[in-house]
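Two complexes come next, and they have one chain in common, subunit A, joined by subunit B in the first and subunit C in the second.
Here is the complex of A and B:
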């Protein structure tokens, strides 16, 4: 720095000073106690010291409730407070698994649970399959040199930003008897129909609405993956005279596979937890046709008369196990993808 | 097989004109090198020939057939990309086989071709590996192998050596030359390294801002550069340019005055130089010799680079820089004055527009 610059600080320099001065003051103040602490605890002790606030919050709000949940799942009765509850061992689990025939929910003691499991299973299968396919196709189209590409990208992403409650309400307004869909179909000679009180339609609506609400997120990840594939690979393929279908199956898909796997597992995890937008949309009905696991747990624990927190806790632990398996799968696959990236 | 003819080829990206009408005739089996500064349109021209870039106007013919609307795959050309563009998820063997499978070639024939190419390029031990498990030089060979197996009528190479380190570059360059001699196929080679151009080319095409500046054999370009740009581009270190004025011009003879006030008598050949005209005198650093001669200059030494086998002098003459490369080792102190003889030096003259004036020395 020249002398003339030194007495006339530039704007960035001035801003730097404004930020630096208070930081410097604080650092100066805590320097001595920190050093003393380090002398007391040693270097690894300091690491624990800095981690402690985070661990405390995680412990209080995640780990502790998890533990309490486990305890609840081995108690019975309808009391909410733990000291008033009686220990029942594995009874709640036994009750959940008490079935005449596992393929028929109605033969089970907790038929609602198994209906919810079945519904959730089909929901996961259908929603994830169609959503990933739709996201992939959308990403492939957006990846072309399309006019107004950022506009379309935003259009597909906007639903992700909506609150689930808003999503549920919007689609209820569309699908209810006096809704937008019937209004549009009426001129074509369709009698108004209440889509949400039809067993099959309401299930399909649950799948479709949740697909609409979440697809943008996965589209964006897949689009990023597609854009990371070097353009010259496609040019090499063009020089090699590769037909478009073969380009997709032999080049695009294998190179997109790491992203695709991550996206599928993430979508699976979220689909298993389906609740909010569908609960607003159908409330689980008609009957139990859109009753999913989370809603079952919530209603068993807090709504039903008499409520049964222990049973809800047991069911939520079982659902947690499924999520743990999926998460481990994702972590494992993620790690494999990273290693592959390193070799490339 | 392998003639490529370009007529008035133009290419624009939107409002940006990149190629301004390229005419070029490439003979069968020739190794033509495109050189030019960065951004001059070398890659664009190569990609236009490949069919990866649609030309805005003009014609491209391969073996007499107009290929303007023929797809890249059907032009019978193979391309080696600067990044190699190997399919990362396929083994080397699959990379080589991919294009042949597209053409639905029988498996036995594919295997035969792969083995031939692998033997030629010495990549047999790596056929099962993926590109990520190869060194840069090995990847480069695979990229060339992928082109060879298709037995194209012509090879297009876009800076194929630019990702290799200096040593590997020299040896791979020699291998490429040998490969060309062996395959006898037409090759178009893009580089901005003029040493590569000089050593490899049958003919060099010098490009600047989307125009061809000159086409010729390496020595033609070196000995009789058509303009100042080519003169400065071919040869390393590049040619010295001195501003001069014609003082006394007679047919076949002229006296030039140089910026330091000295006079230089030159043989103007058939050229009639205009009295008083300003021109540029070009002389290569290697062609100046120490000592006084019939025609000599007096320059001040500013800096010395001793390279062992030669000594590079940065000198100054009437405010203009003059680079001198002397064979062997010499000692000078900065600031000292030296005499430089032009007697043995081919002199180049360029008019005010930078075009070559035909003169003999």
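Here is the complex of A and C:
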């Protein structure tokens, strides 16, 4: 008997059979118990069954540490083992809030905490404002038909790929007394200056370096949003002779709003968490002028002698609450955007 | 789901690796280096392993920051290496293993390392926790070349802090360097002049006393020097909180006339300055009360959570033996703590640099003028607490955030609060 070529299985079909056979055997084996489980628990029970491993991992690595952190925040002493710690109730929170005037950190018992709160607030205001403006302008420019457009996009995105430690070190080498900036300015008659030991300059350096390091990420999101705006809208506007400014306010900005909201909220959350590159750049100095909340928590819990994990935990819970509010804001605004889109 | 399975597999693998990490016969040493001591230790340990093939000694070379910030956390959790080189000897002493019943000859340890044994054991015990790999003493260094170029004489043996400040200022003005002097951003370092000015940190009950006139006098002077540019402001304002910063790089780059640090910088300067310029160790300048430096050093201690205490003791016996301590000190240019080695006085430091020998002689001689108060500090439970508060608040005063009088009040409040927190 001869077999025609048409009847012969092709290579992909053979490979498919090789893969399918053991999969079929396994599926056959688990099919019966799964059907039994479904009969017992119903469809919703099956959903829980499949979600359980993920929830277990989430519980172990997220919820459990969160719970432990709450427990730490109501205990005192420098010991790390919970059984060795004493219950102090809300004392750690009371200590954080023990303040004569919240606008003057030096009247507070934990003045470093309130200095860090104030610094973080101003950092968030300045960094997020400049970040959004810079990312938006950059995205608008990169969305145009530039020569070597891909190259310019890469240039703006590269800093995002750098480790925060590298970012901090690069900028420290640029801004320190014997750094690159002074080397450039010296021929113009400027005496070497340590930009990082001046309170105002160091704060602005922290904002600027953070901007440089993260702007590419937000630019990319906004660029994706710009490219999703239908071109025919711009063509129609051009045919009507609409001015560029009006096109931006009436077409670009409204249609970019969902991306802009994501960028604002992500930038806000990230700015509240600022730590690594600034820690390397200024160490929180000069004095406490670039001491931010995360560094305060780290130093209180791990560096200061003796350590105070309870106070650090209480501060981190307060910071966590701020982040929860920001996340809820993002979810709320995102949902509102979706609903608006559906109504359209 | 695929990610979940991957996570589970990764977790299981990690658990398996962790559970088999401490084999019988493994001795893990956590070691940090200021200079070449890591290489010397590796060489010494390779010889030990050749003679003791059943003991597998693993050296984890880490940054000092790991020892300072991560090791205490590991110890609190009942983990950590088997042996570690540390500087927080007293503060963490509850985690050290008592080697007394394990070492071959406890009397040898008592005789040769007894003078510092109390620095590294819980108060009131006679535990043998380890030994000092080197004894250090804080002291000054002067850039002799800059002084000569400026035509300024180096202040003499009994010169005061004011004498050094005046002379260094002249050098800085003449040689156009950014600062005349620098002192490391460290509570330990600034405590030397504080004590020289008559400070006493230890209260009658053994707990920290409020800052006294001696401490306030020098701190006030120091902040004033930072304001008028005599002392390098950069080092002290370059971080917040209790973070340590050294000014060694500024001295190495000939940006300072006088630098107050300690004996551990000698090998560092020998290697990095080379023939760049001439430098000398000066000992500690004098204050109204004394001309003291601050003693200290690093110790090698056994950790009580080890699974192999007998092997650990064997390694410690080897590293503490007279011949090994002598060779280690000669090669690393460290001042040894071993009484037998010191008494014999035949240390031949392995260096071609004549400045090193002269500097080490200065530091050895300076130990004779170390005050009683300074000698108490390494074994005092609260020394790091006071040092931390000093650094944080003086840094703020120099940065212009706090008037110096407020800084004094804050230092006292910080220390009192830490004592209360510790519930001791």
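Here, the second predicted complex is superposed on the first by the 290 of 344 C-alpha atoms of A that agree within 3 Å, B and C clash if a C-alpha of one lies under 4 Å from a C-alpha of the other, contacts with A are read in each partner's own complex, and residues count from 1 in each chain.
Here, a residue touches a chain if its C-beta (ideal position, glycine included) is under 8 Å from a C-beta of that chain, and two chains touch if they have at least 3 such contacts.
Owing to the predicted nature of the structure, the values given are computational and were not obtained by experimental measurement.
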Here subunit A is shared; do subunit B and subunit C fit on it together or clash? fit
After lining up the shared chain so the two structures overlap, which partner does A:238 touch, if you call subunit B first and subunit C second: first, second, both or neither? first
What is the contact status of A:295 with respect to subunit B (first) and subunit C (second): first, second, both, or neither? second
Where does A:188 make contact in the superposed view: on subunit B (first), on subunit C (second), on both, or on neither? neither
Between the centres of subunit B and subunit C, viewed from subunit A's Cα centre, what angle do you get? Round it to the nearest 10 degrees, please. 150
Is subunit A touched at more residues by subunit B or by subunit C? C
Scan A:178 for contacts with subunit B and subunit C and give back first, second, both or neither. second
Kindly classify A:284 by the partners it touches after superposition: subunit B alone (first), subunit C alone (second), both, or neither? second
In the superposed arrangement, which partner chain does A:53 touch: subunit B (first), subunit C (second), both, or neither? second
Overlay on chain A, subunit C to subunit B nearest C-alpha distance, Å: 38
Footprint intersection on subunit A (subunit B / subunit C) at none
Would you mind writing out the residues of subunit A in touch with subunit C in their complex? 50, 53-54, 57, 76-81, 86, 106, 109, 111-112, 177-178, 192, 194, 196-197, 199, 282-291, 295, 299, 302-308
Of all residues in subunit C, those that touch subunit A in their complex: 1, 4, 7-8, 69, 72-73, 76-78, 88, 91, 178, 233-234, 237-243, 245, 253, 384-385, 387-388, 392, 395-396, 398-402, 406, 410, 417-418, 421-423
Subunit A contacts subunit B in the complex at 230, 232-233, 235-243, 246, 250-251, 254-255, 343-344
Quick check: in the complex, which residue numbers of subunit B touch subunit A? 50-52, 71-74, 77-79, 81, 83, 85-89, 98-99, 102-103, 130-133, 146, 150
